[in-house]
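Same chain, two partners: subunit A is paired with subunit B first, then with subunit C.
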Partner chain A sequence: MDRHLIQRGLDRTTLPRFLLWLLPWLLLAAWGGTSATQLFRDGLYHTNMDNRFAFGLWIILDLAIIALGAGAFFLGFMTYLLRRHEFKQVLNTAVIVGFVCYSGAIVTLAIDVGQPIRAWFAFWHANVHSMLTEVTFCITCYLLVLLIEYIPIVLKNRRLRTVPGAAVLEFNLHKLMVVFAGVGAFLSFFHQGSLGGMFGVLNGRPFAYREGVGIWPTTFFLFIWSAISAGPSFIMLITMIVQAVTRKKLVDDFVLSRLGRLSGILLSTYIIAKVADTVVWIMVTLPGKGFDAAEFYRSDMFGAWVLFLELTVFGLLPATILLNRRRVEKMPWLIAGGFLTCFGVAFNRFVFTLQTLSVPTMSFDRFMIYWPSQQEWGVLAGVFAYGVILYSLSFRYLNLFPRERELQTTTGGN
Partner chain B sequence: MLPTAYEFHWDTGHIVFLGIFYSVLTVVMSTLIIASLRARRDMNKRREADIAWHESFSELATERRHCRHEFDGTFDAKVCGHEFACGNCEQHRALAAAAGGDDSIRVPPAQDAPATSPEGRLYHRGHTWVEARHDGTYDVGVDDLLRSCVGNPDRVTVPGVGTRLMAGTPVADLQRGRVHARVATPISGTVVAVGDYEGGRLYRLRPDDGKARLDQLLRATEARVWMLRELELLQARLTLPGEALALADGGELVGDLMGAYPDADWDAILADLCLEP
Partner chain C sequence: METHSKATVAYAMVIDLDKCVGCGTCNVACAIENNVSVPPSEALENRGLTWMRTQRVDNGKAWPDHRTVTVPIPCQHCEHAPCIHVCPVTAVQLDESTGIIGQIPTRCMGCRYCMAACPYHARYFNWFDPTWPEGLQDTLNPDVAPRMRGVAEKCNFCHGRLDRARELAAAEGRPADEPVHYTPACAEACPHGAITFGNRLEEGGPIAALEKKPEAFLLLEALGTAPKVTYLSREPWIRRIGLSRLDRVRGHGDGPEGA
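Let's look at the complex of A and B:
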């Protein structure tokens, strides 16, 4: 029924089966939409956030998806500025994943702030001394850049490319894509950093506070570093998941291996810096403020295992796997390494958001725990469903993997 | 945000932060405007067909981008980097000069009666041929391979007399059931007569300025080798994984491959043959 919209030579499932695939995601999106409506209508009392936990599930989600979406700017930078053309095979997917991540994050933030009608205040009455202002400006600008990068992919749709003006605009936008890749890298570099810097400057929260260079605490650099480590792995995993779900070969195996190895190299350097930062924090920063690191790991929820897990299972282990040339050529190792890397960056954001607020800062304080409300989970589910739906539609009607047609012909789709 | 907002102060923080923000926005917006202006300029210069072909060529599989000098035996393997416009290829000109001739591609001497011999034609990689006539016009038709694939089309749509065509643009449509073969015109010009699809003949063109650009077309000797390669590719497309090749080497093509292989993905096969993305 929609065959005329699907690129020739690309094998896609029938429309009824595709709609059936979308159905559960649409239900999840409906749950998200209902939750968002309740929150906009009645206010944030539907959440379990309070004065202690001003940051909750949504900020964890925002930080995690913005870090995982870093593959878009980093692969754009690698392809257009460093001329690593092999990554062109996954660049369209990276742009769409980036767009999904950033638009999802902005929608979640809008719900979190709770007054979308006054969203423009953040821009008009900007507090230039706040890291969050920088984040707001950068992610809005970068979403605009991602939208511009998305347009040429949409204009290559089978139907749209027959419109002469569309093809000419796509061609001219594509010729200038290097500018957008450069701007995207610049913006991402700063807002990934500012998201980390936001925690590092919390003087009253010794769990998060870090020393630094100038106005930038070490978390500024560590957040950038961890995001560009996980970004390529996330794109690699998404590509593998799409290959598994559609039972098609979409990119050459060596591209996936290179994405994995790129992650491995970056992750290994990140983990060295992270260990060094943790040592300085334990040995210098905390004693200087009259604290002992052990105090932060005495709760049932956040024991010393948290630190161990973050540094070893989600750090050293995937770095070791992905650094090994022979291992990254084997899919099970690649999946394990990629998954641990991505989960690790999400876990790092979880720890920084929740443990920071959970640990006591006053002598009369105690550890506290926060559990999200049904509406908070609903928004998370809705954002996830939105991502799957947008990606599924893009995969069906756009040519996300330039090598797909050729690989179908040479491998019979396997 | 702006000096008019009451929080704004002329201090370093505001100037640096907002300066960077506005610079980024300026770069993004001016790049967008430049892209739009260039698109408008290209439209005004009627470059749509060239751009569409440039985009299509970049998406062609490597096996469809072989250099013509592979077909004449000069190279064992060489991929074209000039979008088949041999007039723009220095190597092509050098080879022609070394051979002692010029590098132009010419249709064999015009004939009084319409030529039906394949030797009297030049071939486009989108499976069309061009045949010169005494009066300076050119006949355009589809080659035997494409005709064999489509068999008896339910409908043949060709541009009407007076239509101006740009080389490389899909202009004719051969429809069989739900499948379409969109055939690109091999040369630019204005349609002066419409064919009856007899022998694949589609229409007659009068080239712009009286002279057709023919450097992207293959001579009959080159086309013979190219056609064999195309047959091999077609064999591969019609063969299910794990099965023996569907067509016997050296055999004659049946007249209606679409009828013989109804389950094949003809939409994709015809797109490949017509160089359509």
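Let's look at the complex of A and C:
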């Protein structure tokens, strides 16, 4: 029924099967929509956040998906500015994943704030000293860049190409991609950093506070570093998942290996920096503020295992796997390394968000715990479903993988 | 960063914990003065609104050595306030002429970053639409605007009363830059006179004298936030409440636990 919309030479499943694939995701999206409606209508009391847990699941989600979405700007930078053309094979996927991550984060933020109708105040009454202002500006601008990068992919659709002017617009936008890749890299550099800076500047929260390098706390640089470490791994994993679901070979294996190795190189340097930062934090920053690191790891929820997991299982281990040339050529190792890297960056964001609020500051405070409400999970599920639906539609009607035609050997999938 | 070094007024508060009996009058007087709404009964713990939290703390010892104290905790109006620079919409502002950290509810977009930044947990979020029990609406203070759902709020040292004191000074023809004296609702209502409020820059004034007493201490002084709320106690274990955990261990052994 929709054959005329599908690119020539690409094999896609039938429309009924595709709709069946979309059904569970649409149900999840409906759960998300219902939750969001309830929250907009009644207020945030439907969440389990409170005056101590001012941030919750949604901020963790935002930080994690923005970090994982870093593959979009970083691979654009690698392809267009460093001329590593092998990454062109996954660049369209990186753009769409980035768009999903950033737009999802913005929607979640709009639900998270108490007065979403005043969101424009962040531009009108901008506080130039606030890291959140920088985040707001850069994320909004970068989403526009991603949209501009998405448009040429959409305009290549078989049907849209017949629209007068579409091909010309697509050609001209494509010529400008190097500019947008540069702008995207610049904007992303700052907002990834500012997301880390958001925590590092909290001088009243010793768990999050970090020493400054220049005008930025160290978390500014660590968040950029961890995001560009995980970004390529996330694109690699998404590509592998799409290959598995569609049972098609979409990119050359060496591209996946190189994405993994790129993550490995960046992750290993990140872990060195993270260890150095942790040592300075324990030895200098915390004693200077009258705190002892051991205090932060004495609860049932956040023991010393948190630090151990972050530095070893989600740091050293995947770095060791992905740095090894022979291992990154074997899919099981590549998947394990990529998964641990991506989970690690999300875990880092979880720790910075939740443990910062959970640990006591005053001597009579207690450790607090928080578990998200059904509505909070609903919004998370909705954002996830939105991502899957948008990607599925893009995969079906657009040409996301330039080598697909040549590599296609099997049939089926969506 | 001296936020208001050229000002002649820096309002500050001193709370004598040895005089406080934990009656909660300060809390109630504050709520009435500032139109603090009453969350519904089904509200979770930590969802309530109060600009003056009264925290019970004990010394962690068993009877007969067991001791408790109530610590009233308003916004500390820090010199180096962690909440000001984080607000993305400039809804938290320092009034350089008074040292008061103000909150602009009509500008706040409810991101709660200021709440995450405050180590004293002195900021509160309006999780619900503002409501009052039947009849209590009739007693609302016309000088203070109630806050809407979805914004943060906190103690502002009874800014409504400051405005009234300024209006009175102007009506009396006093110069606009002359410091005005006023008393916040909590200090006025405390039946034991545990709360003293005034201008800490006033030479020979009560605040400056109390702040210099050996039994004076600040909450989490080591953080460097420089609060403008000082506590007094002659009891060493109570003074240790203000220390961070490491400083307490370094200097004074085991400390209190929340009660």
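Note that the second predicted complex is superposed on the first by the 406 of 414 C-alpha atoms of A that agree within 3 Å, B and C clash if a C-alpha of one lies under 4 Å from a C-alpha of the other, contacts with A are read in each partner's own complex, and residues count from 1 in each chain.
Just so it is clear, a residue touches a chain if its C-beta (ideal position, glycine included) is under 8 Å from a C-beta of that chain, and two chains touch if they have at least 3 such contacts.
All of these numbers come straight from a predicted model, not from anything done at the bench.
**Q** May I ask you to decide whether A:H129 touches subunit B, subunit C, both, or neither, giving the answer as first, second, both or neither?
**A** A:H129: touches subunit B and subunit C.
**Q** Figure out whether A:L323 sits in contact with subunit B (first) or subunit C (second), or with both, or with neither.
**A** neither
**Q** Applying the touch criterion given at the start, work out whether A:V145 contacts subunit B, subunit C, both or neither, answering first, second, both or neither.
**A** The answer is first: A:V145 touches subunit B but not subunit C.
**Q** Where does A:V306 make contact in the superposed view: on subunit B (first), on subunit C (second), on both, or on neither?
**A** Neither: A:V306 stays clear of subunit B and subunit C.
**Q** For A:E170, decide between first (touching subunit B), second (touching subunit C), both and neither.
**A** first
**Q** Touch check for A:L26: first (subunit B), second (subunit C), both, or neither?
**A** neither
**Q** Once the structures are superposed on A, label A:L5 by its partner contacts, choosing first (subunit B), second (subunit C), both or neither.
**A** neither
**Q** Which partner does A:L160 contact after superposing on A: first (subunit B), second (subunit C), both, neither?
**A** neither
**Q** Do subunit B and subunit C land on any of the same subunit A residues, and which?
**A** Touching subunit B and subunit C on subunit A: residues 125-127, 129, 133.
**Q** Touching residues of subunit A toward subunit C in the complex: what are they?
**A** 43-45, 48-55, 112-116, 118-119, 121-122, 125-127, 129-133, 136, 198, 201-206, 286-292, 295, 356-357, 360-366, 368
**Q** List the residues on subunit C that touch subunit A in their complex, please.
**A** For this pair, the touching residues of subunit C are 43-48, 55, 57, 71, 80, 82, 84-91, 107-113, 115-121, 123-129, 148-152, 219-225, 240-249, 255-259.
**Q** Using the touch definition up top, name the residues of subunit A that touch subunit B in the complex.
**A** Per the touch definition, subunit A meets subunit B at residues 3, 7-11, 123-129, 133-134, 137, 141, 144-145, 148, 156, 161, 164-165, 167-173, 175-176, 179-180, 183, 186-187, 402, 405-406, 409, 412, 414.
**Q** Show me the residue ranges of subunit B that touch subunit A in the complex, using the header's touch definition.
**A** 1-2, 5, 7, 13-14, 17-18, 21, 24-25, 27-28, 31-32, 34-36, 38-39, 42-43, 47-48, 51-52, 54-55, 59, 61-62, 178, 236-237, 240-241, 265, 267-268, 271-272, 276-277
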